[in-house]
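First chain written, first letter: the chains are A, B and C, and each begins at residue 1.
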Amino acid sequence: MKKLVKMIVSTLLIGAMALSFCACAGKGGKKEGGLIKVGIINNDPNESGYRTANDRDMKATFTKENGYDPYFYYSLKNEEQIAAAQKFIQDDVDYLLISAAGTSGWDGVLEQAKKAGIKVILFDRTIDASEDLYEASIVSDMAKEGEQAVSWLASQNLSEYKIIHIQGVMGSSAQIGRSGALDTKVAAEANWTIVQQQTAEWSEETAQQITQAVIDSGESFNVIYAENDNMAKGAVAALDKANISHGVGKDVIVIGFDCNTWALEELVAGNWNYDGQCNPFQASYIDDIIKNGAKQKVVIMEEKGFDATTITKDDVTKYGI
Amino acid sequence: MEQGTVLEMRGICKYFPGVRALEQVDFTLREGEIHALMGENGAGKSTLIKVLTGVYPKDGGVILLSGTDGPVHIKSPQDAQNAGIATVYQEITLCPNLTVAENMYIGRTKGPVTNWRKMISDAGRLLDELGIPAHPKQQLGNCSIAVQQMVAIARAVDMECKVLILDEPTSSLDEQEVQKLFKLMRDLKAKGVGIIFVTHFLEQVYEVCDRITVLRDGQLVGEYIIEDLPRVQLVSKMLGKDFDDMADIKSDSDTENIDYESTPVYEAMGLTGTTGIKPFDFEIHKGEVNGFTGLLGSGRSESVRAIFGADRVTRGVVRIDGKPVKIRKPLDAMKHGISYLPEDRKLDGIVGDLSVRDNIILALQVMKGFFKPFSRAQAEQFADEYIKLLNIKTASSDTPIKSLSGGNQQKVILARWLLANPVYLILDEPTRGIDVGTKVEIQKLVLKLASEGKSVTFISSEIDEMIRTCSRLIVMRDGKVVGELKGKDLNQNKIMATIAGGES
Amino acid sequence: MTTPEPKLKTGRSVKDIFGKLFFNQLLIPLVALLFLVILNLFADPSFFKITLEKSSTGFYILSGNLISIIDNGSELAILAIGMTLVTAASGGQDISVGSAIAIAGSIVLRVIKGLSPSISGGELALYLIFAFVLCVIVSALFGAFNGALVAFFKIQPMVATLILFTAGRSIAAWINNNENISINDDRFKYFGNFLPGIPVPTPVFISAICMIVIAVVLKFTNLRLYSQAVGINSSSSRLNGINPKMIKLLTFIILGVCVAVCGFIKVSRTASITYAVIANNIEMDAILAVALGGNNLGGGKFNMTASIIGAYVIQFLTTTLFKFKVSSTAISAYKAVVVIFLIILSAPVVRRGLSNLKNKYIASRSQVKKEGV
């Protein structure tokens, strides 16, 4: 009996290890004539919904039908990504597409790539390396996302803005960009006040608790500015609980970010007011650069903000992640 | 303080919840003497030592030391060390994963830099001087317990102490090692060190000590010069009553009337396990007290563990009342009415943080089942009954067992197995490390149980104890049964000869 | 002493009872609670206001900080139950509970997600029961996996549970293909919010049920005695017929069931899940609750009530910090300061000091009695 249990557990453990090895091994395949061979190094698609959408987009764009011979490698560890890049260089790919896990340590491998005549395009994340070493870098501008949302909020012309500001993980680039825009505006305008500013670390239940605490203290507010959709959802759950109306033409304006499909549906239903995009769809930009050449080093992606009063069903299917 | 006195303790008091551990105790130690501190378990010996070494703060009294004016205040073991009081405890308090030399000098090097080479050579010299068979660079944990004990003494000696306390240092040493230790003690005595010697072995006291101080129930009985106090009197002073000769206890019972022809209560054939004992046959009858004897490591404990299913049993046929049964784990044995009091009380016996009550009911409770806990009232009743029956000294049945003295802990474990109402009781070293009074109590109890029709297997390192209690002895050597003695063969010489082997 | 002792002979005097409480294990979490209550009382007495208002569902509900605390503290209190048992029996902690909650929540959402909001209540109830039973089974299996590593392979609990701690959130994401799920059916939210017509949040009832269940289990089985015995001296327990491996395994399975209940409540609160952050760091809070309860993290004796109170103390602290609008960057530091204070209070050294004080107190009393006679 004891032996049996031990055997079962060891088998499970070994199985789990074997699985993880398979996941690391990546996909092989031989170079075929006429196709552009690209090595794509990305973060683990399970990291977030954003990453899943990003990976899906890359896989949809870099196909044999579109003239590519793609190889994918996923890791959340910088050194593993660098090792994968070296392997892709040895395999003589034409392009290296990199979403780096960390910002440093890439100089050496990018120089190797340059010597081997392999072009490098960075997407989503930048790195600390000379601009000569890559063709282009395609990134989101989180500060711009924040500014778009804040200027939309300003355009609502409320007589007074009393805001519950729910922040992401402190120090993350999304938090810095999205908080910065709001902080600047609040400092500049007399009728903009922050009722509560607190980090919920991207978690809906913490956002719910923060909002709940404000409601329990009896303070009035009319804007929820949550730095992602999930936290907006948590805050809204607290509003629902306390019978405070929210959405188009209601007591509280709800702002979220990331354009999850379900969040855009909330906009369509009029329960939320605004959702800012964080564009995960870099593949078409990369495709354009490979086929038509790079026009500038840093390409900032176009990112939309959706207003509940103007959003369409098509927007939901097109931009929802 | 008189001339020639190194330590004087006056009116020492110490209280624990519900217990007066020490009440107005005086103790005087002179230069160059070996002074035995005697008493039953719970008499207050350990507490007095712990007050002296700063482990416990005292609740009253003064401590005077030679060379200092007025009372000294010892607040921590470090203070005691600085004042020249060195202690070697019964349990090894060194670090097994450091080397011998490191253990001897740890916490005593001055400054941030350690001269390793000097440390090792110093340690080597001292070990040689004392005749301790250990190498300075050897890891302490790899040495035998006896050597570890001697290293602890070497450490204390090297600290140039005025007062050396040896708390049960001999309980894990063999005769030869004991003699080595005694030589060491006499050498130190000649140098003028005052030695406080705490032990349960009366022979050793009379062999090496000059004076005896006796404590009882936390109070001072008196201080005596060794020549003035014969053994019998010492024992009666420790027990506080006139001492009936221990040799008489067996005649009270009728252990001779055992029917060896009847079906054995327990019978094993070719029993062996994974602990290195050879297959052996064994049987015990109703009302019989038998024993396993042999040197340490001869397999006597392993044999009874195999009977109880404590270690994995690989082979053998077991019959209870003639019916074949399978005993694979302790619970099987318990369900067949076998109880087992393990050799290592601390490791295998007590459940330290649990109350005396929980410790007493544990075995019976497990036999009753996971889904049938005793009510609190029922548990209290059991506990109170056995605390009274075995005269266990505890503040209440709620007290954690670990705060009891060794002998009382042992009685609690006995209570646990008596409560389980076994037909066959295995007692492995029930008298080790406990005081004379309790030893006699336990021996009497064993014979009483036998007269009530229970079967008992009794193991003890002290052969005279075995002779007094057992009607049959199984002798083991190197994991093998080498003989069985009963009747008139049950005498010291015959047993020794069988243990030692050879035909002479 | 100016006041005479009224009942010295007949039984327990008032002072005795006070003395007993003063040295009880419950003292620490209760003092911590009292400290937070007084702090809030001075800062803003309206903190304790509780109102009965009509909610968006059209029913009257209770609201206020105190309600929020017992509501939001539910998951932690439930986890503290399991964590206390695991700590007692194995002398270590399970750090994978946060990840395991993610898995449990993900399973519930996987079952519920495709359902149309128009299905009947009875049908939904069937689905919910199925979802709940499934997540209890899976969580218990994961608990058993952890427990097997600890009991049979003798791996340190923290190391053993590190495996699930690392892998759990990925497994949770994988269960739902990493979709960002949001359930629109309001009836699913009943379990994390309010049942129609009942003014007290549902999680309060769920946690109360868990507490009653564990109280009954501790009363009518030997779980307490066995797990304590195993935690204190596994070898001795074995020689008394207990199977220490099975007891360790059992405590991990119980924790697994607690995890399942927490996961169900958590996803029901917002009807959604974020795999990376759901129940983030809750394992640390659960361990802290056990420590705050004055329980030895090295195993052995435990006090379940103290752990549960410890859990609510932590939630009280969180809500208080939100209420005081502590800056986002500093909130962890504030929490740390309070935690340090509480942990020092429950440290063995301080407790030993307290018990020395107790001994002196008893000694002085017996002295007084003696002199009186």
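Heads up, the rule we're going with is that contacts are C-beta pairs under 8 Å (C-beta built on N, C-alpha and C of every residue); 3 or more make two chains touch, one makes a residue touch a chain.
Please read these numbers as outputs of a predicted model, since none were measured by experiment.
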_Core chain by centroid distance, with centroids computed from Cα atoms only_ = C
*Using the touch rule from the top, point out the two chains with the most contacting C-beta pairs.*
A-C
*Which chain's C-alpha centroid is most distant from that of subunit C?*
B
*Express in whole angstrom the distance between the two chain centres, defined as the mean CA positions of subunit A and subunit C.*
34
*Cα centroid separation between subunit A and subunit B, in whole Å?*
69
_Chain centre separation in whole Å, for subunit C relative to subunit B (CA means)_ = 43
_subunit C residues counted as touching two or more neighbouring chains_ = none
*Which of the residues in subunit A end up touching subunit C in this complex?*
2, 5-6, 9, 12, 16, 44-49, 52, 167, 170, 196-199, 201-206, 208-210, 212-218, 229-230, 233-234, 237, 240-245, 260-263, 321
*Residues of subunit B that touch subunit C when the two form their complex*: 15-18, 20, 57, 59, 308, 310, 329-331, 334, 340, 342, 347-354, 358, 362-363, 365-367, 369-373, 416
_subunit A contact footprint on subunit C (complex, rising order)_ = 44, 46-47, 49, 53-56, 61, 63-65, 67-68, 72, 145, 148-149, 152-153, 163, 167, 170, 173-174, 178-182, 189, 193-194, 266, 269-272, 274-280, 318-319, 322-323, 325-329, 331
*Once bound in the complex, which stretches of subunit C touch subunit B?*
219-223, 225-226, 228-229, 232-233, 235-243, 300-301, 356, 358-360, 362-363, 366
